[in-house]
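Provided herewith is a single structure, encoded as structure tokens, for subsequent inquiry.
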Amino acid sequence: MFYTDYKLQYPVRVETPDPAFARALQQAIGGVEGEIRVAMQYMFQAWGMKGPKSSRYRDLLLNTASEELGHIEMLATAVALNLEGAPLELQEEGAADAAVGSIMGGRNFRQFLSAGLAALPVDADGVPFDMSHIYASGNIAGDMYANITAEGTGRTLATRLYHMTADAGMRDMLAYLIARDTMHQNQWKAVIEELEAERPQMPVPNSFPQESENQDFNYVFLGFTSDGAEPPSGRWSEGPSIDGKGEFTMQPMEPLGEVPPPPPARPGTYPQTAQLAEE
Amino acid sequence: MFYTDYKLQYPVRVETPDPAFARALQQAIGGVEGEIRVAMQYMFQAWGMKGPKSSRYRDLLLNTASEELGHIEMLATAVALNLEGAPLELQEEGAADAAVGSIMGGRNFRQFLSAGLAALPVDADGVPFDMSHIYASGNIAGDMYANITAEGTGRTLATRLYHMTADAGMRDMLAYLIARDTMHQNQWKAVIEELEAERPQMPVPNSFPQESENQDFNYVFLGFTSDGAEPPSGRWSEGPSIDGKGEFTMQPMEPLGEVPPPPPARPGTYPQTAQLAEE
Amino acid sequence: MFYTDYKLQYPVRVETPDPAFARALQQAIGGVEGEIRVAMQYMFQAWGMKGPKSSRYRDLLLNTASEELGHIEMLATAVALNLEGAPLELQEEGAADAAVGSIMGGRNFRQFLSAGLAALPVDADGVPFDMSHIYASGNIAGDMYANITAEGTGRTLATRLYHMTADAGMRDMLAYLIARDTMHQNQWKAVIEELEAERPQMPVPNSFPQESENQDFNYVFLGFTSDGAEPPSGRWSEGPSIDGKGEFTMQPMEPLGEVPPPPPARPGTYPQTAQLAEE
Amino acid sequence: MFYTDYKLQYPVRVETPDPAFARALQQAIGGVEGEIRVAMQYMFQAWGMKGPKSSRYRDLLLNTASEELGHIEMLATAVALNLEGAPLELQEEGAADAAVGSIMGGRNFRQFLSAGLAALPVDADGVPFDMSHIYASGNIAGDMYANITAEGTGRTLATRLYHMTADAGMRDMLAYLIARDTMHQNQWKAVIEELEAERPQMPVPNSFPQESENQDFNYVFLGFTSDGAEPPSGRWSEGPSIDGKGEFTMQPMEPLGEVPPPPPARPGTYPQTAQLAEE
Amino acid sequence: MFYTDYKLQYPVRVETPDPAFARALQQAIGGVEGEIRVAMQYMFQAWGMKGPKSSRYRDLLLNTASEELGHIEMLATAVALNLEGAPLELQEEGAADAAVGSIMGGRNFRQFLSAGLAALPVDADGVPFDMSHIYASGNIAGDMYANITAEGTGRTLATRLYHMTADAGMRDMLAYLIARDTMHQNQWKAVIEELEAERPQMPVPNSFPQESENQDFNYVFLGFTSDGAEPPSGRWSEGPSIDGKGEFTMQPMEPLGEVPPPPPARPGTYPQTAQLAEE
Amino acid sequence: MFYTDYKLQYPVRVETPDPAFARALQQAIGGVEGEIRVAMQYMFQAWGMKGPKSSRYRDLLLNTASEELGHIEMLATAVALNLEGAPLELQEEGAADAAVGSIMGGRNFRQFLSAGLAALPVDADGVPFDMSHIYASGNIAGDMYANITAEGTGRTLATRLYHMTADAGMRDMLAYLIARDTMHQNQWKAVIEELEAERPQMPVPNSFPQESENQDFNYVFLGFTSDGAEPPSGRWSEGPSIDGKGEFTMQPMEPLGEVPPPPPARPGTYPQTAQLAEE
């Protein structure tokens, strides 16, 4: 169950409203690197968490999911503040200016047309966020890697937004969000480290009996160069494997299968007659 | 530039065709955990790779991208083989049987209706793969974590498919694909380890000057419980941070911002009159 | 800012797990009539709310948004409970049974394959929810009608789910959710009634100067029958208009414009030569 | 069955072509507030209409669906007229001008690249309309509220477009469309009023036996504030409910359920070993 | 402008309702091979048609677009008739039967849950139609090929549906739709033949000065075999080209470009430090 | 199985980087007319190919699929080169310039924000490519028409991009791609011609017994004008049909079906009470 107190988690100030930046901020709201994604991802991971020892992780996920909802709120507030004073008429003074005129210049119509100068749950190109990006596999290590990925792309995005703007208020807000992304990357990796203390977590899932996988191909780096040239070597091509369960080798791949013959076409699927056997 | 020799990377056999399994296999083709995703992701990461030392990683990505194309091919071949003999009429014998009749029972219409009994680039529910799932951030560590995630969810999916079927041919193919997922998880993590040898890679991106992020909130686990109860403690709440750059602490979060007052509504956005200041 | 206490808003019990019902419940989670939609819609409406009198409505929306998050949680819990004991192998006993075997019969693969027997943010056909369904126009009456619609379709869905199942636990949970949909329909309509007490709210937006709209066509029901037959008459074709600002009339529509001549094709758009003027 | 006479429902004139406005108009064609949506929504509602008294409503819906098809036609014509004379080369004179250069300035590439200077079935950001926005629930009151919502957001959009442009031709066309939105809002509400004359229509659906819903929670406004502060009061918190069937009250919500324990993880779903009971 | 007379273009009868077939028919409504697609495609092609001689083609397109709207209507009517008598409760008699029980067996929930037993604008897997499938390029020959493709896939789909069912009513309706697809394939190809009478239409677009394309590679079939083996020969590898403007040849492709060096990474994009030049 | 040699198929040069053109090029990568589409379409057609004579066509498709992968690579390389030197700060010199400033002016944020100045698998408006555009029907003639369409729209797009830019390097690359589109249009049509040599290929599918389709409507052009005016005549309205199997005629369409009565509403679907028979 969830609660609110209507307050912002961290202050949001804009010194000089910039409608173009209002558009860029959308990526941190409704982009695949954004805050809707992590909020919903942590919730669905929590609700799908299983096993006798997983209550602590469930609570951990619900705590941070709640935090991320507050980050969407901060960013939506920042968007509205950046839209203040934007020209609303194609002929209005400033509309022809590339920096100021991003609303009327055709680059940011929807924050005006669809929302009346407010944030939308879309990315910086106006593409709505879709929930296929919620990774919640039921495997805790798999989920944690998905979360490290999400926080890494999220922090990269936030640093690029920080670089774009010189507004002191926006930079203060982004410095807070970047710090939280630092913590969250550490936090999810800490879960893996805690689990690693008991037994190796790789390869994910570690509960599949590894002797059932093909033993000739599980630690070999395969090359797919057309001229059989040696593929690039490195940490991945020799020495013990990262999971400590094998030894890296390297080889060019040769096809082990044949050219698959096209199966017969059945009349009821209505191919062209040339495809039917009896022709 | 890419080449083909028409051959299968690994043999694909089906002993007892099963149209329901043909549908399940779609998840490994067009699902977000599937092979189209990794093939295209590694390509776009390669094409977006930057920096003087990154040629080796670019080649590494293109090699494995080529391999993944061959995995789509293997799975598409497996789908077609599992569809052999499927009933094509609602009244046909077997159509009413839950196991055999998955085509005509209404659960797998599109492999017949749209493709004439072949694989589609969709997931097990028929949702087409969309390219928003290609993560290629231009940051090599961020990309590697995305790849570890993709291979971890991919291997989890493949083990579940392995569990579903008792067909010896299908299990042999899946044992190969599971082994490759083991290698690829190790491989992408090996890139991070190689980079770690020079300097810490976390937090991603490690080129952002970390002193610019908010120093009060970058290593503290925040609790968001409504009653102020202590959030769950663990590796993430005390001790040195995972990236070695800070010390974990824990505290309940209090709002640092105020309730944001609704901004004035501008007449040109056409709100209800009650929202206008002058009313 | 948001908080949680990890508890369920209302108890969730399942007496007889039913994997087919687990699939049907997805519609109430990730369908366009579902709970993700209302939770996010009320949040974005709150964050886009403008005008000096709108603080109360902002808080109202944030309160109910928090409630709806708890409803997703209840439904996700119900899905997991309904999946208990589902067969995971195509040959497993029960898999061939139409009612029990919905996982292995091919109708509900993804709750197993992608989530390890848990809820997904998708609808009953596996289509992920996308955020284009969040209606937040910046116009309070427009938003309230969108909310009445959402709660009406939500309650209709919940009654159909109630009808489908005979499980006492599921019916108890649904009876609670149906009651809340009753309240929420009333609640959003109460906002309109409160606003109506001051001045008419229709047509939305009521701040546009209505004398600027075409006065010949704003209260006439137009017929588009090919034979000029009288269109159906009713409350909409005579008497005072619902908004009290006009008088309904009815007439068959005649085109007021001409056949638009195709504009010239410009060479730089590369049409076929037959489309170019000079040919 | 449908017919055409190739003519425009209302004249479409553009005095000064403006490619940026051509892009903005897309929202009224392929946006969720646009004309494709209402045309298809009214058709699917008509085709799904059931019950002995519903023929009149079916005809009403098909009439207005036909009208809306003509509105898409008007808007597509307006887009083509606004694109006349747009620069097609990045270096062409005018391309660098923010107002004129919206095609070559990068903000409106697709009307040129994909359609050769014509309208597309996409919104102002180029996102294609998708049919999940067609609300046709089989419940007539639910459908009418969806239609009021659609016409309300449609009219709000049209007034914002009217505000954006000073072109007399475009304003004349929009004044017509705004008038029709006024009528259609009234029209769909008139259907509800006609039905209300016989019996209350709320809560939707009104055929569900209301005694089956939870009687403790169907007319109470619940607060979800983290500090238990009183939620905002208003028309929704006291007095008779809007549907006349209950009395509004207000209370802070306390969780009625417990913290749900994570269910056991089954081996066949391949979680991490730490999640398995036997560990 | 469009009109209706509420009548069906062709009679729709169902002798034995079959809810599974109701699901299959969705592919012909909202699938990419379906009738929404052609109706909207022909309209947008008409509205984007340009050039002095194109009025006839514009009218032709609008005529057939009107026809296709009537086909959606026929199919939606057929869906509703096939849903009559479907069980609505999971325990209802027949629900466990694979053929009858497609609603309650979990394969066709949404026609009940979302539409109250009616058609939806989605495909046979429940994926909503999206308007990115409307091909209207502004080039008449390009559009005609898109139409031949649409009618070819549409007819293939209709023949497969015909094969699936033994219901005499459904077969009568489908025999009509298949006939219309025959005509429409011929019709669009007739437009190309009419244009060919004046000058060659290939390659599309034929108004681009063909001497500007690379003359070494415009009529050569290139092989991309990894071992340099000769690619398959046929009509495409020797003899005059189909457009009559060249001579087919065949050769294995050798890369003409080099390995592209990764460009430098800019600090403001925040890559990992290893990617930065100065490291 | 697929291979790579890391080299570009054809050299890619940019003389004057242009970030706006980098955005336009996205349409050729991730647009529906683009290279991802053809690469994946030819692969899925190959993997779905059936029938004893189809091996040659399967190889042909795999060859050209490999080529198209190399075209994506060329275009992604071109995007990165066009982004060199783009301003990354809203206040940076050049950012306010409409031509140079397309990144910071708000029109092309995502190539910077999401990819660090590289190509994305999206179209020129940022909409991700989705795999529903892969047409692979299992019918070889149907597939070939889909391919001619894809190459025709692809070539039209490439000529428009050629027209947009004056950069000699970009024009050289596009001249190569345009030439390949010429060949591929010819190539797929050559397959049809080869098949036609044996027997007529139209209407698709030609294996459906044509006597089963409705013989009264398979070669008649139907008019749907509201006033019964004669529809436009041409090659499609008289003379032998294009497929040589019938004779074209023309007639205005009269409805052959009646107004379909709304079916009864069932209580379990919870319509409004007014829709129920017993009321």
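By written order: A, B, C, D, E and F. Residues from 1 in each chain.
In the analysis below, a contact is a pair of C-beta atoms (placed from the backbone, for glycine too) under 8 Å apart; a residue touches a chain by one contact, two chains touch by 3 or more.
None of the values given here were measured: they were computed from a predicted structure.
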Enumerate, in label order, the chains that touch chain D and chain E alike. A, B, C, F
Give me the superposition rotation angle from chain C to chain D, based on Cα atoms, as a multiple of 5 degrees. 180
Equivalent interface to B-F, which of C-D, A-B or D-E, with over half of contact pairs matching by residue number? D-E
Could the interface between the copies chain A and chain D be described as same, meaning over half of its residue numbers are common to both, or is it different? different
Would you kindly say which chain has the C-alpha centre located farthest from the C-alpha centre of chain E? A
Between chain B and chain D, what distance separates the C-alpha centroids? Give it in angstrom. 32
Chain A and chain C have mean C-alpha positions lying a whole-number Å distance apart equal to 26
Note the residues in chain E that touch 2 or more other chains, in rising order. 1-9, 32-33, 50, 58-59, 63, 66-67, 70, 77, 80, 88-89, 97-98, 105, 107, 112, 114, 116-117, 122, 125-128, 130, 132, 137-139, 141-142, 156, 159-160, 163, 204-205, 208, 224-226, 253, 255, 257, 259, 263, 265, 268-271
Category of the chain touch graph - line, ring, star, complete, other: complete
In the complex of these two chains, what residues of chain D are touching chain C? 3, 5-12, 32-33, 56-57, 59-60, 63-64, 66-67, 70, 74, 77, 80-81, 84, 88-89, 112, 116-117, 127, 130, 132-133, 135, 137, 139, 141-142, 145-146, 148-149, 152-153, 155-156, 159, 162, 175-176, 178-183, 185-187, 189-191, 193-194, 202-205, 208, 210, 212-226, 231-232, 234-236, 241-243, 246, 248, 253, 255-260, 263, 265-266, 268-271
In the complex with chain B, residue positions of chain D that touch it: 156, 159-160, 163, 226, 268-270
Where on chain C is chain B touching in the complex? 1-6, 49-55, 58, 88-91, 95-98, 101, 104-107, 109-110, 112-114, 116, 122, 125-128, 138-142, 195, 198-199, 201, 204-208
Counting only contacts in the complex, chain B reaches chain F at residues 1-9, 30, 36, 40, 43-44, 47-48, 50, 58-59, 62-63, 65-67, 69-70, 72-73, 76-77, 80, 114-122, 128-132, 134, 136-139
How about chain E: which of its residues touch chain B in the complex? 18-21, 23-24, 27, 31-33, 97-99, 102, 105, 107-108, 123-127, 156-157, 160-161, 163-166, 224-227, 229, 253, 255, 257, 259, 261-265, 267, 269-277, 279
